[in-house]
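Next come two complexes, and both contain chain A; in the first it sits with chain B, in the second with chain C.
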Partner chain A sequence: MDNKTIETISYLARLKLDKDKKEKITKDLENIINFVAELQDLDTKDIAPLANPLEKVAPKREDSVTSKSRKEAFLSNSPESDQDYFMVPKVVE
Partner chain B sequence: MSIKFKTLSQLKELLEKKELSSYELVSETFRNISSSKTNSFITLNEEAALNKARDFDEGKVDGDLAGIPIAQKDLFCTKNLKTTCGSKILENFIPPYDATVVDNLSKAGSICVGKTNMDEFAMGSSNETSYYGTVKNPWGLERVPGGSSGGSAAAVSEGLVCAATGTDTGGSIRQPAALCGITGIKPTYGRASRWGMIAFASSLDQAGTFARNAEDCALLLNHICSHDQKDSTSISDAQENYLDNINNDLKGKKIGIIKEFDISSLNREVQDSFEQSKKIYESLGVNFVEVSMPNIQLSVPTYYVVAPAECSSNLSRFDGVKYGYRADDVGNLEDLYIKSRSEGFGDEVKRRILIGTYVLSAGFYDAYYKKAQQSRRMIKNDFVEAFKNVDVIMSPSSPSSAFKIGSKTEDPIEMYLEDLFTISSNLAGVPAMSIPHGFANGLPIGLQLIGNYLEESKILNFAHQYQKSSDWHLKNPNLGESS
Partner chain C sequence: MSWETVIGLEVHAQLSTNTKLFSSASTKFGSEPNTQVDLVDLGLPGVLPVVNKDAFKKAIRFGLAIDAEINQESTFDRKNYFYPDLPKGYQITQMSKPIVEGGSIDIDVGEDKKTINITRAHLEEDAGKSIHDAYPDKSVIDLNRAGTPLLEIVSEPEISNAKEAVSYMKALHQLVTFLDVCDGDMSQGSLRCDANVSIRKIGDLELGTRTEIKNINSFKFIEKAINFEIKRQIKVLESGGKVTQETRLYDSGKDETRPMRSKEFANDYRYFPDPDLLPVVISDDEMEEIKSTFPELPGDKSKRYISEFQIDESEAEIISSSRELSNFFEVAVGSKNDPKLAANLIVGEIGSLLNKDSIKIDESQLTSDNFNVLLQRISDGTISKKIAKTILAEIWETGRNADEIIDDQGLVQIQDENLLEEVITKVIESNTKQVEDYKNGKDKLFGFFVGQVMKETQGKANPQAVNDLLKKALNS
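And now, the complex of A and B:
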C-alpha cells in the first residue's frame, strides 16, 4: 500500500485524508489488506460467488404509480435548493 | 412505582390493569433518561411521545404494544425526527418518512421516546466511533457497551426502556446484548424490511431487537418482521407468531457445537459459563453434537472484504447535495463532494470506504471481492450442512466481557475480532440471538444461539426455556456502585 495507491483510492472515493492521519490510515489499510489476503490462497474452483444469502430474484410488480411526488419534502432536506432544483457550484464555465 | 427494569410484558399488564397510565410511564422514562450517565440517546422525542401516551390513556391507541415506550436505533428513519446514524454528515437530517420497522412498531401502539446512539453508520463494535460521543456500559461506566447498537443495548440494560430496536450487520445486536447483559435477536436476512434503514452493507444488514428476555423479543419480532414490497430482498413466506412455540419441550432436541471455534483459548470464566449453559440444556433433555464447519474461520476476512465493498458503494450517496452536511468555501462541484465527505465522515467510516474502494477497483476485484463472495458461499454451505443434523448451533456471543473504553481503538483488526463468533450468521443470512449466561471479570457475557433459515421460533424457544431454568437475565446493573 504505497502513497500512490492511497492517493488513487482516496480520489476514487472522493475523500481527502488529513496529513497528520494519512500515515496511520495507510498502515491500518495495509494491515487490513494483509489480514484479508488469506482468502487469495483459498481453493474456490467451481464455487459460484454468493452476492446475497437468499439468492432470490428481485420480484416484479405491476407497472403502476405507487407514490406521489413529495418534491418539497425532499428538497427541504437539501443544504441548498431552489424551487425545483438542488443547487451546486457552477459546473459549466 | 419504579418502572426501571420492568419487562415489556410486566408494563403491558400494569397498563392493562390501569395500575399505571402511559403518561406516567412515558414521563418517568424521560426523567430516567435525563439523569442517566450512559449517553445512550442522541435525540429525544418528548413532545410527540407524551402526546401519544395521552392518546393511549384516552383510549385512542390500541395494539399489541399499545402505550409502551421503546427506543429506536438512530439508523432507522423516523418521520420529522432527526436521524443521524451516529454521523456528523447527517447531523441535521430530518427524514420525511418512517422506516417500515418504525411504522410497524408505531402501528402496534408503541411510543418512540427517542433515537439511540450508535457507532457511525453502524461501523464499530464499541460505540466509540459515534460522532455524538461514546456510550458507557451501565455495568461499568469506564467500559464500552459493545456496538454498533450500543445505545439501544445500554438503554435497555440500564432500565431506561424495556425494549429498543437494533440492526445487525456482523454482530451489532448480539455483541452489545452480550456485553450489556440483555437479550437481543437478529432474524433471518430479509425477514424484517430494510426500507428506511440507512444502508451500510445491504446483503448483510438486518433489523432486530433488544429486550429483557426472549419472550419480549418474540412479541416485538411479531411486529418488527413483515413482508414489504418496498424492499426487494424482503421475504414473502408466511410469518409465524413467534410466541406460539416458545413453550415447546426441548427433550430430544439437538444443539450443535462448532468444532472449529476454539473455546479453550478464551477466558476461564467464559469457558466455565459455556459449560454451565450446556449443563442447563442437558437438564432439559437436549443432546449435544459436534458439528464441523471447516470454512467458518474465513468469516472475519470474508466479512472485511464484503462489508467495506458494499459500504463504499452505499455511502457514495453522501455528496453534500441532496441532504446532509455540506462543507463551506468550496471552489467547484468536485471540491464540494470531497470536502463535504472528508469533513462529514469519521476515521473508521473513511477506513472502510477506502478498503471497499480498493477491493472493488480494477485489477483487485477478482483477487478480493470475487474470492470473498466465493468463500461466503462456502461458509453458507457449512451452515446448510450443519443444520441437517442439529436444531440450533450454540457458541459464546463474544470472546470476552466488555473492555475498557479506548483499549482497542488503535488497532482496527483487534476490534474486528470482537465479532469472531457473530459474523458468520450474517454472511449466511441465518437468524441468531444472544442471551445473558454469566459473568467474566464481574461483567456480563452472552450465549449465542444460531438457527436455520426462518427458524426464529426455534431459537426463541431454546432461549425462553433456558431463561425459565436460569436467572442471568434477571440480573441488573447497579449504577453508581459498580466501577
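And now, the complex of A and C:
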C-alpha cells in the first residue's frame, strides 16, 4: 500500500487525510487487505459467484405511481436551494 | 493512405414505464422540477430500492425481439462516481450479469442488409438534470429524471461509417417504439447514443485508439459528429500524432467534437455488487406471459396487410414502418372501411401533410373517428376522392368534423345524371373545335373534357358518371 494508492483512494472517496492520520490509515488498510487476502488461496473454480449472501430473490413492484411530491420538504432540507431546484457549486463540463 | 473506420454504439433507451426503476415516483416528462422525487431517488439513509416489474418486462421483450439470450437471473452493481445530479454517489447498473446478452439487429445499407451484433443490453438508472446557466456562480439540479429506467444497448464494433450508424439508430428506433419499450422521442432525450469511434489502416487487425462521443440525440447529429471525428482522427494520425483515448462532446452549433474537461484521475468506477438488491429472477411463467403479449413487428405487419387487405406492397411497407400510422390504419380498417382507400389516403394525402408539418399522425388534428367519417362518405358516394383531399386539408387546419365541412361548403358529389348531362352539353357546345379533333381520332382529348366538366362542377361531379355520360355524348 504505497502513498500514491492511498492518495488515489482518498481522492475517489473525496476524503482529505491529515498527514499524521495518513500513516495510521495506511497501516490499517494493509492489515485489512492482508486479512482478506487469505481468501485468495481458496480454490473457487467450481463455485458460482455469490451475488448476495441472503439466499433469496428480489421482490418485484407493480408499475404504478404511489409516491407523492415532497418538493418543499426535500428542498428545505438541502444545504442550498431556490424555490424549484437544489443548488450546488458551479459544475460545468 | 487509406483508413477504415470502426464504430460501436451505446444507445440509452428510456423505458416507457410509469414509474422509476427502483421507486414508485412518476417518470412523466416535463413536470415541475423536483416534484417526481422519492426518498429512494434521493438516496436517503434507511431506504431500499425495489425493482419495477415492467422495466424487466420491457427489457426482456427487447431481448426476445433481437433473438438474444435472456438471463432469467440477473444482478445489479454499483458504479461509483461523484456528480451533483447523482444523489447516491453511485449509479445502479448491471455490470456482471445483464438481463440481455447477444442477439443482433439487421440494418439497411443502401439496397442491402447488414447484421450488427449486439453485445448486451442492461438495465440501469438515469441521473438527474443539471442546469448551468440559471445563475452565474451556481449550478442547479432537477432530480425528476433521477432513477428513470434506461436500457443501455451496446453494439459490437461492427459499424463501418456514419451512414451505417444512422441506419442502425433508425432500426433501433423503429424496434423500440413498436415494442412499446421506449417512446423514441429523441428531442426529449428518450433515445440517445454514445459513439465509440476509431480508425485503422485498411488491413490492420488491431483496433485503433478510440474516442467516445457522448450523448448525441438526433439522427442528423450522429452522422455529423461521427464524420467530424473520423476526419479529425485521420488528420491527427497523418500528421504523425496519436489519438488520445478520451470522451468528447459534439457541439452542433460549431459542428465539431471537443474533449470534455479531462479529469485529474482516469475514471475508476469501482464496480461492486449492490448489497441493497437481491438477484432478480424471472420465472418461466413470467417469460411465457411476456412472450404471449409480444407485439407484431413491422415486417410481419406489412406481410399481413398485403395478404389480408390486398393493399399495395409499397403502401403496406410505409404504413407498417411507423407505429402511429399502422395503429391509425388498423383503426380505420377495423371500422369496416375500404382498406385500399384508407391505405391510399394515409400514404398519399395524409403522408404529405405529415411531412409538411414534420409531425406524427397522433399529433395532428385528424382523429380516427373523423377519418372514418371521411372514408364512409367516399365509399357511399357522397363525395369524390378529389373532394376528400380538400376536406382533409380543412380538417388539418381546423380539426372540424368531415360531415360538417361537407354540409357547410356544399361539397356533396353530383350524381344526378340530368344535371351532369346539362353540364356536359354545355362543355361540348363551347368547345366545338376540340370535339371535332376528338372525333377525328384525338382520343387524348377525352381527359380535357373530363377536366372541363370537373371545373364546371367545382370538382363535385362523380367521376365514373362523368366518364360514362361523356363517352355517350361524344360518340353519339
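As a convention for this text, the second predicted complex is superposed on the first by the 87 of 93 C-alpha atoms of A that agree within 3 Å, B and C clash if a C-alpha of one lies under 4 Å from a C-alpha of the other, contacts with A are read in each partner's own complex, and residues count from 1 in each chain.
Please note the rule applied: a contact is a pair of C-beta atoms (placed from the backbone, for glycine too) under 8 Å apart; a residue touches a chain by one contact, two chains touch by 3 or more.
What you see is a predicted model; the values in this text were computed from it and never measured.
Once chain A of one complex is fitted onto chain A of the other, the partner contacts of A:K56 extend to both chain B and chain C. With both structures placed on the common chain, the touch criterion links A:L42 to chain B but leaves chain C unconnected.
In the superposition on chain A, A:V91 contacts both chain B and chain C. Contact with chain B, but none with chain C, is seen for A:K21 once the two complexes are overlaid on the shared chain. With both structures placed on the common chain, the touch criterion links A:D82 to chain C but leaves chain B unconnected.
Once chain A of one complex is fitted onto chain A of the other, the partner contacts of A:S64 are limited to chain C, with no touch recorded for chain B. Measured by the number of chain A residues touched, the leading partner among chain B and chain C is B.
With the contact threshold set out at the top, residues 8, 12, 14, 49, 51-52, 54, 56, 58-59, 61, 70, 74, 80, 86, 88-91 of chain A are in contact with chain B in one structure and with chain C in the other.
Per the touch definition, chain C reaches chain A in the complex via residues 17-19, 23-26, 32-38, 42, 50-56, 73, 75, 80, 82-84, 96-97, 130-132, 134-135, 137-143, 249, 260-261, 264-265, 268, 270, 273, 275, 277-281. Residues 93-96, 189-190, 203, 229, 232-233, 235-236, 298, 300-302, 304-305, 312, 316, 319-326, 330-339, 341-342, 345, 347, 350-351, 353-359, 361, 367-368, 370-378, 380, 412-413, 416, 427-429 of chain B are the ones that touch chain A when the two sit in their complex.
Interface residues of chain A, counted against chain C in their complex, comprise 8, 11-12, 14, 49, 51-52, 54, 56-67, 69-71, 74-75, 80, 82, 84-93. Across the complex, chain B is touched by residues 5-6, 8-10, 12-17, 21, 25, 28-29, 31-33, 35-40, 42, 44, 47-54, 56, 58-59, 61, 70, 73-74, 76-80, 86, 88-91 of chain A.
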